[in-house]
Amino acid sequence: MLRARGDRDLRFGIVVNEGPYTHQASDSAYRFARAALEKGHEILRVFFYHDGVNNGTRFTVPPQDDRNLQRQWSELAEAHKLDLVVCIAAAQRRGILDANEAKRQGKDGDNIAPGFRISGLGQLIEAGIQADRLVVFGD
Amino acid sequence: MTGQSKRKKFLYINRRAPHGTIYALESLEVVLIGAAFEQDVSLAFIDDGVYQLMAGQDTSGIGVKNFSKTYRALGDYEVRKLYVERESLAERGLTVEDLMPISFEDEEDDYAEKPSILVADRSEMVRLIAEQDVVLSF
Amino acid sequence: MPTLHTVNKSPYERSSLRSCLDHLAEGDSVLMMEDAVVGARRGGKFVEVLKAARPSCTVSVLAPDLAARGMKADDLAEGIALVDYGGFVDLAVANARVCAWL
Amino acid sequence: MLRARGDRDLRFGIVVNEGPYTHQASDSAYRFARAALEKGHEILRVFFYHDGVNNGTRFTVPPQDDRNLQRQWSELAEAHKLDLVVCIAAAQRRGILDANEAKRQGKDGDNIAPGFRISGLGQLIEAGIQADRLVVFGD
Amino acid sequence: MTGQSKRKKFLYINRRAPHGTIYALESLEVVLIGAAFEQDVSLAFIDDGVYQLMAGQDTSGIGVKNFSKTYRALGDYEVRKLYVERESLAERGLTVEDLMPISFEDEEDDYAEKPSILVADRSEMVRLIAEQDVVLSF
Amino acid sequence: MPTLHTVNKSPYERSSLRSCLDHLAEGDSVLMMEDAVVGARRGGKFVEVLKAARPSCTVSVLAPDLAARGMKADDLAEGIALVDYGGFVDLAVANARVCAWL
């Protein structure tokens, strides 16, 4: 799967706007990301917005015979050093917290999954500026 | 690959009615944050997106936050190109008179107040999309 | 006893209003709520579709949802009633069942 | 707001199929429930299915100038002894846990909000059987 | 107010294509659990809901769980009335031949195998809705 | 340089495919994915709508999504191409921007 990047290799930004399972958006984005990496492109960032932030909770326990979307993303991030960013404003509305946010908001626990980080909307704009293509997956 | 240094053209396409879903509000939040990055920003209101700009929205009866006034502040954020599709308005029995007046002060023209809402034909929308670097859809 | 049908999406975006209207029985009621209220506006494309629905059926719009989209009673097409959440409850009571067209 | 139940007072079951904020479903259901209670009807149960389970996390921190939907439901449940049931199968897919489930699934924390309980889909069918009217709110 | 003792008529209305959203799968999960309650259950497939019953669904390329075979087991759960709207099929260029064969063994007729799929006109759907106690929409 | 437009919803349910087709420029590409694939079936109501789109534009369907809905290449209306996820990536590369019609 590893090859040198060539002239036509681009930097992609990916936006995931829906949570896991309810909509296919996260599955489609994951498969697009894998295909892009296999072709030697770079994934600059995956930005989780709207309900997309719900991909980043480690509390999910999908049925044994189904895929675990959070784990798929975490493993892809680990293998390819992907930057998985969960939007902080969207996450606050929907109950996705890291240890830092939990402390700041006075919550008694957190649920962020490995490989995901919480940051601001500026990271989405920055991805738009730095990436050659931004691809949005949603409902 | 010099994306960082170049001023890019960003288009935000809004196609959904407000309040029934959060997309309109969270789209606006991106626009506000994005303003700090000093890119060339346009907003397009197509299909039900035109309802986001309706004058006189009163959400007190549904408990949902009324963010519609924020559109009127966009001029202060250097967001001054709000393209509203003519065909989308017409199909819904709306005219630009049904929308909020949104304007900005043009500092290059003695701070004259100018309208930010630009009613555009579908063919102009097609051209607008074709000239963008980044299209964000909500 | 008749059915209360609820529609919550804009007919400009989705087919649910049309599908609902295609499945009405004599004396049923339709409630347009949330984003669906935009379909009830005078001069809009769906006024004729609503008019063509069974004459024995009533169509209502949830008033707080209408106000949230910047519209008033005056903006509604003829023959459409306005109700508040209490009126929604009354419609659910007055009909034998509630069928949501999601 | 309290009055004796009359002849025309019915027992309602309410189903909420979408999460808070992203769709209006939870707001509409909440306002319908309040209106029904004000008219002297009974709310037999509110069943949270699909993304609706996301109404039941105590980790949300909505903006100060916005409503807190989880708290609205918790307070309405407290005031009227409402039975707020989060579907266990839907909750597992989406990362909503109570202490019991967390232990059973080997998770290091839980996020269920006060007044909500996790139970099976049978509670939805039972609501359909026992209620005079079942009203569904969704996308 | 004797809801508990009475056998009620439950109708599940399915109007969305499978896999793009989870509604088809989670609707089926309700039907399976609901079967244990021994109510009078019917399923309606209207609009894009008819795609839920398409034969030969292969989800291996999208990673989503393929639950379509479960419909064929519904007969064992005493769920034997799957109404498919004729107009919805026609509009999509589909016939009942494009759908999975779904049948049940009728124990009252010497275990003869009988079809569970019943193609119904829109007017029959209207009657079906009108005779229900509970309608669940997905 | 042209645009890749993605549509992911059934045109029988939502207006997004029609809206996308109404906004194509010369040489643009359309990718029908997720539930949108059902609109590309031969004999269906949207075949004519797709045919009427700009002749200079190409329309593709994401093959794994088509298979998931029980359809094969044979079921597609004429003139529609099939791509896999790699082909989706290539389309994104070949066009200057990607516009999602959600």
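Brief remarks on what is shown
Think of it as A, B, C, D, E and F in the order they're written, each chain with its own count starting at 1.
Just so it is clear, a contact is a pair of C-beta atoms (placed from the backbone, for glycine too) under 8 Å apart; a residue touches a chain by one contact, two chains touch by 3 or more.
Because the structure is a prediction, the values reported are computed rather than measured.
Identification of common neighbours of chain D and chain E yields A, C. Relative to chain D, the chain whose mean Cα position lies farthest away is F. Looking at which of C-D and B-F shares more C-beta pairs in contact, the answer is the pair C-D.
Of all the chains, the one whose CA centre sits at the greatest distance from that of chain A is C. Taking each chain's centre as the average of its CA atoms, chain B and chain E sit 43 Å apart. Chain A and chain E have Cα centroids lying 35 Å from one another.
The distance from the centre of chain C to the centre of chain E, with each centre set as the mean of the Cα atoms, comes to 27 Å.
Centre-to-centre spacing of chain A and chain C amounts to 39 Å, using the average Cα coordinate of each chain. Among the residues of chain B, those in touch with two or more other chains are 15, 19-22, 47, 62, 64, 133-135, 137.
Residue positions 8-9, 12-13, 15, 34-35, 64, 84, 97-98, 100, 102 of chain C each touch two or more of the other chains. Residue positions of chain A touching 2 or more other chains: 21-22, 24, 28, 31, 50, 63, 66, 89, 93, 134, 136, 138-139. Because contacts link the chains in a way that matches no line, ring, star or complete pattern, their graph is best described as other.
Chains that are in contact with each other form these pairs: A-B, A-D, A-E, A-F, B-C, B-D, B-F, C-D, C-E, C-F, D-E, E-F. Contact residues on chain C toward chain E in their complex (touch as defined above): 2-3, 15-16, 19, 22-25, 96-102.
Residues of chain C touching chain D in their complex: 6, 8-9, 33-35, 64, 84-86, 88-90, 92-93, 97-98, 100, 102.
Across the complex, chain B meets chain C through its residues 15-21, 47-48, 51, 54-62, 64, 66, 68, 91-94, 98.
The touching residues of chain D, when paired with chain B in their complex, are 21-24, 27-28, 30-31, 63, 65-67, 72, 139. Within the complex formed with chain F, the residues of chain C that make contact are 12-15.
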